[in-house]
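The first chain written gets the first letter, and so on, giving A, B, C and D; residue counts start at 1 in each chain.
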């Protein structure tokens, strides 16, 4: 997928070019535009994959940090992930303000993304969704724990964001910067936080990794629920096993398959 | 989807036009016909969506209150929801008598719809179905409770209709006005009632809302069953959270996706 | 679907015509041939429906009593249900001997069918399969009970066939007349019997009914397992409710849908 | 599917022909080439079937012993099973060294295959995967037991490979010959071993049998979990029943269906 001038305009890139060019530390080069092009293509694919794999339904979203501007990120307009196209991708700053909305409506909960990008320089991709397998672990006291190598990234622990602690009685939605900050604080340096009575947020350094983590997070929840039902102690992936496994996988093989299946 | 004269005739609209025109408070205007056309299109889509999303199988039905006549409602002839077309939509009065059956067979349980419309002026759409996830909550004493924001509408409580209380030993079907009244009484002002050993009825102000509630009711039941299996106390959506959330969603984003997937 | 001469030959009908014609009580008339034609079409559809609905996988079978000869029945050659065509349908007598095999291989377990037809004049259709939902109820002491109206036919009770009681240590397969008789004896006058560590047999008066019962038997098992997991007493469909419901349904509406989906 | 010269080259067969021809006990004959052709076709089909039936996702692999050289085996290059084609099949020796890699990347865990072929002359096909149903039985103390005839091959017992016993803290992957040997030792003479926090390995004498065992192993795990949830003692398939059943099935009927569905 490549973008024509009209599509590049729609995501506010051409508009920004003059000032980028004028900048002494001009970050966007022709090579960067190709980069951006590919990243947006992956972001659209990520939306479709999350829908095809059952991680999101009509709701939920995935974003990526702008490769040419660490203080901006890319996220679809308010539409079901399965329906996202290149023309839906918008650019936001860290206050979750759209750079060039062109009349497009933003997701109310874009503050989940902006506030995590603000405090987590290691994070370049964020997923928010409501996979049914995750809700039970958010509303009970049973912590999510890593059952197998594919979900070894959970070994650091999975905190639960209780929105009542941050803001008392709400409509449950993270639709302000303050709530986004509170969620980012609970997430801290972890890859996943559950949100009580709501869903989860997953972060990673790349789009394939945040998609892969979202998929294996869901699988891990279903596996752990079944392991609990069998009864008795459960042998989890240990922190050291997780650390060693982390170095050996990047979901590259699965990413190609997920893209093919989501087409 | 637009309707030609023949199809409008088949749902008893053209037949009624003369008397509607003659009426001093004539309710049906050309704009109303467009309205009706769109509503019937949504009703057909609602049938297909409920089937595609696994909420109904060969059985179950969805109706909408007639936009031009508060005392009439629209409901398919007796056919599987997945197969419903515009030509199957019939008009009924509040005694569940078909205005112009044209030889089409009515669902036996249309009294579920008529008696709810009679006593619930706030309700414009009704779904009846037998989603497998719901039956366990109808045959045990475990009440359905709202697990997450998407099913916050359950916070008002989910009553269970025990047909034996209304009529002793029956064939389990709500196929008389008296049984419909008894069910409507148990439903009271709630959005959902379970029916012991049978299924559920869901009501809302619009077709997208009754379809959305039916889908998230099913998801909530599956989530709650899993949360119960994990053990320990469960943090439900509180009534105040539910009240605040109610104002912020109408399933609009999901409705477009559901329609696309059901095609 | 209609059959040409070649296909009629393949199921041994044309071969039998001379002796049928010669018979004083000649049972097969032109109208009967149309009848048989339709029944075979339904039998092929029944095979495909059971596969599409997940009741059988590569194994399992469905038969129908021959409409022109109470002592014969029709059953596919040994092939996966999903792949059955008209040319695969064979005719068997009550000793499970093929009338005109034409080199086709028979299912080893055809004795399940023959011995039930022998002792149950009310039965005209038999399904045998291994739906995963049923095995747990066959290997534990938890009896299958009717959870809702659609599975009300279970109210008579679901016996479990323990092949060890009949023949000690076997290969688990009902591949002799003696084992078929033992199974039929345990089934007695019921619509369903489970087979320990193996599967189930379902019987009814028609193909749509035996298919419908097989589908709702599977759903009931999954619903009951979930109801048990919720805990506490379970309100079953009572025998009187089941008796009253039995008169009001024949799966006609669902049968049309199942056929459409299985195509 | 047949292979042309180019494809035969790609799997290193033509390259080997001269030395095979020169050998006094030349094992590969024209008939053997046809054999190999068919076997590779089955190996590709096996990959697709395991993906279609949900036994593997983007990860997991299936191999077959080389029919012309007991000390070699065939396995795809490192790609998702669903995407495997004839050109991806590589030949390995028992040290898991590729005979003619042609730049293709090998699965890191190919040592699972090589070390099992080394010590199990009865084994001609190996599957490694991570079916979610299996992980709970690997991380708890609940042993997998045969619930019904289709999984009777489990009656010999299902050992669990604890990689910590073999090598302490690892990245969980069997990516050395030493780890492969340790796994093969735990597998011993059984058809299945679970791997704690990882997955399973399944072996058999043919590709259809290893695929069939993989599918029914998954079904058995789900059935046993449900049987445990129902409570009370469970009547397993006894060793003698398993022995008798083993003689009567080879998945031939299902294999044809699985191939058709995987296309």
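In the analysis below, a residue touches a chain if its C-beta (ideal position, glycine included) is under 8 Å from a C-beta of that chain, and two chains touch if they have at least 3 such contacts.
The model shown is predicted, which means the values in this text are computed figures rather than measured ones.
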- Chain-contact steps, minimal, separating chain D from chain B: 2
- In terms of CA centroid distance, which chain is the most far removed from chain A? C
- Between chain A and chain B, two touching copies, which fits better, same or different residues at the interface, with half of the numbers shared as the threshold? different
- Message: On a C-alpha centroid basis, what's the spacing between chain C and chain D, in Å?
- Response: 35
- Query: Taking each chain's centre as the mean position of its Cα atoms, how many Å separate chain A from chain C?
  - Reply: 50
- Please set out, as single numbers or ranges, the residues of chain C touching at least two other chains. 229
- Could you draw the chains as nodes, link the ones that touch, and say if you get a line, ring, star, complete or other? ring
- Would you tell me which residues of chain A are touching chain B in their complex? 57-59, 78-80, 82-83, 108, 130, 132-133, 135-142, 162, 169-173, 196-199, 225, 228-229
- Item | List of chain A residues in touch with chain D within their complex | 146-150, 152, 219, 222-223, 226-227, 229-238, 240-241, 244-245, 247-248, 251, 253-258, 260-261
